[in-house]
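Each chain carries a letter (A, B, C and D) given by its place in the written order, and its residues are counted from 1.
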Amino acid sequence: MRSCLSIGLIGLGRMGRVYGAHLSQRVPNARLVAVADLKPGLAESFAREWGVPKWYESYQNLLNDNAVDAVAVITPTSTHRDVVIHAAKAGKAIFCEKPISISLAEAQEMLEVVESTRALLQMGFQRRFDAGYIAAKKKIEEGAIGHAVLLLSTSRDPFLPPLDFCDPRVSGGLIMDMGIHDFDVARMYMGEVKTVHAVGGVLAYPELKSVGDVDNAVINMVFESGAVGAAHLSRNAVFGYDIRAEIWGTKGSLQVGYHRQTPILVLNREGITHDAVPHFMERFENAYLAQIQNFVDNVLQGRPPSITGRDAVAALRISIAATTSLHEERPVDVREVETAHHGSVPISRYRGSSDASR
Amino acid sequence: MRSCLSIGLIGLGRMGRVYGAHLSQRVPNARLVAVADLKPGLAESFAREWGVPKWYESYQNLLNDNAVDAVAVITPTSTHRDVVIHAAKAGKAIFCEKPISISLAEAQEMLEVVESTRALLQMGFQRRFDAGYIAAKKKIEEGAIGHAVLLLSTSRDPFLPPLDFCDPRVSGGLIMDMGIHDFDVARMYMGEVKTVHAVGGVLAYPELKSVGDVDNAVINMVFESGAVGAAHLSRNAVFGYDIRAEIWGTKGSLQVGYHRQTPILVLNREGITHDAVPHFMERFENAYLAQIQNFVDNVLQGRPPSITGRDAVAALRISIAATTSLHEERPVDVREVETAHHGSVPISRYRGSSDASR
Amino acid sequence: MRSCLSIGLIGLGRMGRVYGAHLSQRVPNARLVAVADLKPGLAESFAREWGVPKWYESYQNLLNDNAVDAVAVITPTSTHRDVVIHAAKAGKAIFCEKPISISLAEAQEMLEVVESTRALLQMGFQRRFDAGYIAAKKKIEEGAIGHAVLLLSTSRDPFLPPLDFCDPRVSGGLIMDMGIHDFDVARMYMGEVKTVHAVGGVLAYPELKSVGDVDNAVINMVFESGAVGAAHLSRNAVFGYDIRAEIWGTKGSLQVGYHRQTPILVLNREGITHDAVPHFMERFENAYLAQIQNFVDNVLQGRPPSITGRDAVAALRISIAATTSLHEERPVDVREVETAHHGSVPISRYRGSSDASR
Amino acid sequence: MRSCLSIGLIGLGRMGRVYGAHLSQRVPNARLVAVADLKPGLAESFAREWGVPKWYESYQNLLNDNAVDAVAVITPTSTHRDVVIHAAKAGKAIFCEKPISISLAEAQEMLEVVESTRALLQMGFQRRFDAGYIAAKKKIEEGAIGHAVLLLSTSRDPFLPPLDFCDPRVSGGLIMDMGIHDFDVARMYMGEVKTVHAVGGVLAYPELKSVGDVDNAVINMVFESGAVGAAHLSRNAVFGYDIRAEIWGTKGSLQVGYHRQTPILVLNREGITHDAVPHFMERFENAYLAQIQNFVDNVLQGRPPSITGRDAVAALRISIAATTSLHEERPVDVREVETAHHGSVPISRYRGSSDASR
């Protein structure tokens, strides 16, 4: 076992900088030895601020650096294929933020290279590292709720991301961008999903019609075990960030999540009020740290990845099936999502004039 | 305006006795003047205990009693058609507990008679009279959440009713028996339902297979407005009775419901614990009282019914559509539920041997 | 055992009318046969509204009515002595709202008559009949928290009562009017109080200085067992009515009380908000009903009173001791409160000009 | 403004190691350049583990190291005097964990040296850096509750510290060791304390009698403004760590604190249960980090200390007054606590045989 992992970070957008700060300061057995971002000057300024010895504009140069044992890929999803395949061929251990891709064909190509090169690829789904989600998993395994028969996973954002990101050709759309977390959570607690049925619409932000995404969706799931479930997705939780799960069993149930950010109640004539978790970083900062720490530990100790590429593809297929269901207004069997026919997410139906009346 | 309504109560099962107690003691402007139940001796013993002046075994005799101005019909659902039609023809104002019928054909026949006789028929859906559901309605009307775009209504029972009641030929099954409340709530907050899609299964109580019902269901809804929603139904909330609603709007959201029954927390080495609402009477006693009070007030003041037969038929049609969806594994348009084709709830698919392994 | 208790109600102020409504409608084994109030016409109009057969302006006439087996005394505290003594001598069973008196001498005189006439006197302290307080008592007896060692009892009103009621010569002042409930609760959970020490002041309502009361007080208690406790009293819980208790033991603790009145949460940009219990009737309506039901049952079944005159005197003595402590700025031994020296509550120190600057 | 503070850490007990980890990894503008602990080998092993360049057994040697600009003094309280005075004379900026001393004479001597040497001394009271306590302070300043008139500060430990630490000659006893936090909180929200009255006892852990401390105490406070308050202290919150504050004002109130550690609820036949904050590090880890970050920022930016030696002495005097009150069973004026008479905490009254019956 090596005592410390030399790691390179590719992508210094908002999430990349969070991973960079964690890797610089809070993961004792990692050393952030290089950063790369194609935006001119960004890698250098980040490196100087955080004491990272090397920086690159080209991720290829970082991948060719022999001092780098492992990489964290926090680039836009559209670049994951190229970066991960290159990294696998360069012999690096790879941590890749979700989603693996919005194209099933691309994702399967990535898996093939990862498997043929025997690279270690660990995917990022940070809810699995949140104290609440972990405790629920443990309670289920201890038998606290008997046999799990129903799951509800909720994801609600406080506002709409930038429209160009909402474009399904970029992010895959609401169901893929947000729902993929819920589908990963669903698989963690309940096993494989067999069929999905989604309904949704442009209900809160009419400007979304210009890019063809929806802002609310409700998705039914039937698991291969026969159990059932649902994922509820919204972009209009205007009070804050609403992430919850309920797992119902034959002997009890579990509820994961919380809303209050600051431990203070205000009691006055307007009622009794507390604040809310503002957004995902306030909610999941510790989970992001635990997740990258787990990756580092897995590499150093020769353990398999905690979340594999196959997990990422499974969640991707559910996302594609659910998006297809939304567009075709019918239940979709996840097994029907194969490269040839449903290799990417449908994007047409919800496009329209942004000034359409609601 | 008459100062006091002379009311007859038909049906003295568990719910009937609750209505009887309320009408005897807690509705100041009602006088319970007669009770009827076909079980020998039951009406008499109830009448003697509660000071009701008249009792009958035959509901027909009660309906023929000119001292009775209005009736509360709390009989088994299968008898609603005969009792309500007779009552309408006898010129009584009618309060009828949900569901109006499990047969759409029967329900429509009832409506026709009610309308042709100009009888006042008010249906029982007690959640509309719960303080929380009322407050949510008021908040929405005040604009507290902007435009409502998504609804989640949850109903979970702590245990399975008797198997013979679960039989869809008796109760209509889980989706009709419980879900009809959620569909009524959905209509109250969101308007008419256009399509539904249901998934579910026999997941907690294998003995249910012998009668052909399910114990868990998750139902997607699309409203005519384009808004979306879901109803979640279970029979295995073993800790208690779990009734909730969430209404999400463009400017905020509302959560209705509560779990704790007794205002005490226990803090010890096992954690911090409170109890739960045991079942529907503890949760909705005040709502049941407010509901029958409202009926009495409406009759005395010449106001229209708060919940009409058309409301009951609308919720029934959604229940039938959702049950059909469950069985046919496809989304069902509520408008397709007409007398000829879907006049009653499907009952075959979930039947099986009760000793089937799970 | 008689099947029904004929009861007369003396005093038709706000609380009296609540007891009257309960006794008319919600206590099956009581019959409210007479009401009395010295305000001209009030007893008659109440009697006509609620169907009470007899009414009197003079309580003496009600007490002389042989059709009356028991009386509920809900008159101003200053009249309790005369009414209770007369009722005891007239052979009635007596329910008397707290406090028994603000004068220890008077209260002891009442006890002597009650004991010499062998009248049944049950005092009203409704918290003992609240579901939460009862559950806590039961949990302690079951051993859920081990040995109880510390108590905190909290009473906070949402606003100031009318100034003439606040006058300590009328109500005994904050510590007696409100705190007597906390002292009764303290005795119920922890046994007898040995010493008290109170601090407080006119902090929120400067106009109180004109009558010589305080609006906030914090009172330490030492129990005869050696255990300790506190009562916290305020008139400025402007959001609502704040009644709580905490009982701490060697193996756990209990927290009694709640704040939310209506089961709905509002989540919007201002935060997550719920309402509060407005005042004592919303909080304790069921407890008031259970209390008078208990009195009726005790009389009919020949059981001793659940809360005795001695209990009332014990709480009164603690109230006097605490008020003395507030004024004399020293701990006061409850045993030192005897008729001769501390038979009534001190009233001078907190008097002052109401226009004093704060 | 210097960009980075070179800091030495004295004392590597449990709290010292926490500060050491924070200073090594999570305070970007600090550099932990030296550690000292008199336990042989401890400083070296800590230094090697965390990459600290220098280590000492003698704190004097660390203080004589010119590479050290500032020191964090996390040694046993009994050594604070010598270390702080030496550090001040050596020209170091000083962070010192609470309490400054258990002897008022010692503390005043320290203040004199600090003031004559113009050393920067910042005291540690981490609650002031907790998000909830900060939010409450801000709300008060914004006028959310009007004028603050009553404070309740609660501190409860889940178990007894080691007996030798409980010895008042070592820790000052419960009221000083725990209550000093509450007194500091009280001063932050309400201003100076004028008088205190304490009651308490050995109620949960009879073995405490062998050292002369108590395990529960309830302390009344009167502030110089006339406002009132209380501190409640226990060692037997066996479910976890219970730290709360309530601040009541003329227009509203604030409640600070929380109990649930992990965001998961378990709902089963035993009820609805969540866990609790286990102990102070889980509750206040972020506050400890924010506190030492604040010290570093203050030194680097030439700002005065956020919590001064005078603040520490003020809280110490209240602790001594409250302990005196407990022993002498009378209210104590904080101004009467002067070097000559009450310079240290009384220790005799609660000593006794540990096998005394309770």
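Details
The working rule: a contact is a pair of C-beta atoms (placed from the backbone, for glycine too) under 8 Å apart; a residue touches a chain by one contact, two chains touch by 3 or more.
These numbers were taken from a predicted model, which means no experiment stands behind them.
Averaging Cα atoms per chain gives one point for each, and the point farthest from that of subunit B is the centre of D. Between A-C and B-C, more contacting C-beta pairs join the chains of B-C. Here the spacing of subunit B and subunit C, counted between their Cα centres, is 41 Å. Inter-chain spacing, taken between the CA centroids of subunit A and subunit C, is 58 Å. Residues of subunit C in contact with two or more other chains: 237-239, 251-253, 260, 266-269. The residues of subunit D lying in touch with subunit A in their complex are 25-26, 28, 130-132, 135-136, 139, 144-145, 251-258, 260, 262-269.
Looking at the complex, you find that subunit D touches subunit B at residues 237-240, 259-260, 266-276. On subunit B, the positions that touch subunit A within their shared complex are 147, 149-150, 152, 156, 195, 197-201, 203-204, 216-222, 226-230, 232, 234, 236-239, 248-253, 329-331, 358.
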